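Next up: some structures, all given as structure tokens.
Below, chain A partners chain B and then partners chain C, in two separate complexes.
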Partner chain A sequence: MDSTRNQPSARRFWSWFIPLRRDIGSWAFALNRATAIGLTIYLFLHLIILGKLAQGPGAYDQFLALTENPLIKFGEWLVVAAAILHGLNGIRVVLTSFGVGVTRQKQLFFGFMAIAVVVILIFTARMY
Partner chain B sequence: MTETWNITLRVSRQKQNEAPHFDSFQMEVNPDEYVLDAVERAWAFHDRTICFRHACHHSTCGACGMRVNGLEKLTCITLIRDVARDGATLKVEPLRNFPIVSDLTVDMGAFYRKMERVEARAVLPVTEAEIENPPAQWDAEDSQYIRLSDCIECGLCISACPVMATTPEYLGPAPLAAAQDNGIKRKPELLSVVDCEDGVWRCHSAFECTAVCPSFVDPARRIMDLRKQVVGARLRNLFGKA
Partner chain C sequence: MSKPTPSFPASGPRPGENTWTWLLKIVTGPLLLLILILHFTVNHYLGSMSSGLMTYDDVIKYFQNPVIVAIEILFLVTVVTHSLLGFHGILLDMHPPRALLVISTWLHVVIGISAVVYGIWLALTIASLGS
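Entry: the complex of A and B
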């Protein structure tokens, strides 16, 4: 019998991102994982782009011209939004990890996410 | 007059060499019955081959943990009214993160071995228990009285934990909560069991264990407290005050 489908496995990482019907802590967990993966991918892209500097100023300037593209601009907005969400959610994790506000983790999450929304809105207004 | 609902009970089935599938059973229920009653009715009147665990029917044995409509529930205390409505489908599945033995029955062996590793207490002196409104001062003779540990080892927290889903080596919420209950100061040998990659530091604060726990153990809070105990023990070791 294939009972392995029900057992823990690294291949089941996708379940991290399906917090449907679950409590707010699972949504916070999924948000932190998703933003972490997004920021890691961005970090690699960033390093690849920085590598253009080694190909001379022409290659780098050519890329910089691309940043005026609305799609790239939206990508930049996503990176900043993800960093704000991840950072503030991370502060909640650090606080609760050492016993601060453990029984108030939901309120902490909503509080930090409210701050995140305000900061993202301010950033959006300045960016566009 | 007794209220009656018509529901469809969808039961996850998987026997030896069978592909996993769901069987559906139409039935009349009183919404104030429990989900376990509906499963038992399916077994008694529809299909005697449905395999599921149950014993006490009052949330003490922890045997009847299942996923009800995708969420971990102790089915003997979960009212049908709270998880369904008249005409709805009620889906019951085995707990996640355990090997399936048959249908809704899972192999809890690995979980119980982890509970043994942290020397989980089945009973504890009442003076050490977390109880509501404890007296300011216990009398000397009070320590002779014992009470059952809050954790009923139902495995719901193991099923709900997202980290557990990807890391079989992780001790998991209930064993870590049991280690916290023992205390690093009282049992210093537990430090090496919990202060490791798959111990107390593996938790990523989803708090789902606390959300599903039917016995108010609050494993997430206990894990965070255990971290403080571990850091305290490390500092004491660092400064030679072990």
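Entry: the complex of A and C
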């Protein structure tokens, strides 16, 4: 057994983001983790920003005006795309966790990612 | 017995992860997806301009329905639970020392409870602004 398996390893964490010598399962895993981190950061920023509602219409509407900025709009697009990818990839994880499609993970992954691309394209067309 | 697809990590609790919290993370996932679709549709495709709740007045009006407030609070609890359990799982992947793991677990609990309390206070405050 690999004795280093349970040792602290920040290198192993950063290796998720290195796209070299990866197989498809590893990509699916990395995609799930990367989108999870992004969405968690967004969640807490979103909660803080919604606090502007308690400060009255001036503060909130002033903030909403910022959402017309192309950079903020692109940030919104990234969040939605990440949520779609994480959600659909997550369905595969849930299914296989309960023993469904365990031998067909590759097909499940490609199927859900194809749906994700279509949904993201529809969202992009509506947003811009 | 069928073998898992090669190269895909096995699904299940990772070493050091509690089975019940892992199950909670897995169950909150699909629930979150359903509420998120509802939340997103309402926030971006309803409202006075048919482009979502794009003004302060739209949001206040939307929060006058107690069912909406209940759904938003359910959404808050689900998303905070799922995200923090997921984030904790990611930390477990790094195999941190035990002492650091204990501190991190409690930090997650404190952040989670604080976020839920703050979110509920905010939802109720917004609802009260219309009355």
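Here is the rule we use: the second predicted complex is superposed on the first by the 116 of 128 C-alpha atoms of A that agree within 3 Å, B and C clash if a C-alpha of one lies under 4 Å from a C-alpha of the other, contacts with A are read in each partner's own complex, and residues count from 1 in each chain.
Keep this in mind: contacts are C-beta pairs under 8 Å (C-beta built on N, C-alpha and C of every residue); 3 or more make two chains touch, one makes a residue touch a chain.
Note that the structure is predicted; figures quoted are calculated from it, not measured.
With both structures placed on the common chain, the touch criterion links A:F29 to chain B and to chain C. More residues of chain A lie in contact with C than with the other chain of the pair chain B and chain C.
Looking at the shared chain after the overlay, A:G111 reaches neither chain B nor chain C. Of the two partner chains placed by superposition, A:G38 touches none, neither chain B nor chain C. By the document's definition of touching, both partners, chain B and chain C, reach A:V102.
In the overlay built on the shared chain, the residue A:S15 is in contact with chain B alone; chain C does not reach it. By the touch criterion stated above, A:G87 is placed in contact with chain C alone, chain B being left untouched. Comparing which residues of chain A touch chain B with which touch chain C, the overlap comprises 5-10, 12-13, 23-26, 28-29, 93, 96-97, 102-103, 105.
Of all residues in chain A, only 1-10, 12-13, 15-16, 20-26, 28-30, 32, 92-93, 96-99, 102-103, 105 touch chain B in the complex they form. Within the complex, the chain A residues that touch chain C are 5-10, 12-13, 23-26, 28-29, 33, 36-37, 39-40, 43-44, 47, 50-51, 53-54, 56-57, 60-61, 64, 80, 83, 87, 90-91, 93-94, 96-97, 102-106, 109.
Chain contact summary for the complex, chain B toward chain A: residues 14-18, 20, 69-71, 94, 96-101, 106-107, 160, 162, 164-168, 170, 204-208, 210-211, 220-221, 224-225, 227-228, 231. Partner chain A is touched in their complex by these residues of chain C: 2-9, 11-12, 15, 26, 29-30, 32-33, 36, 40, 54-57, 59-60, 79-80, 83-84, 86-87, 90, 93-97, 115, 118-119, 122, 125-126, 129.
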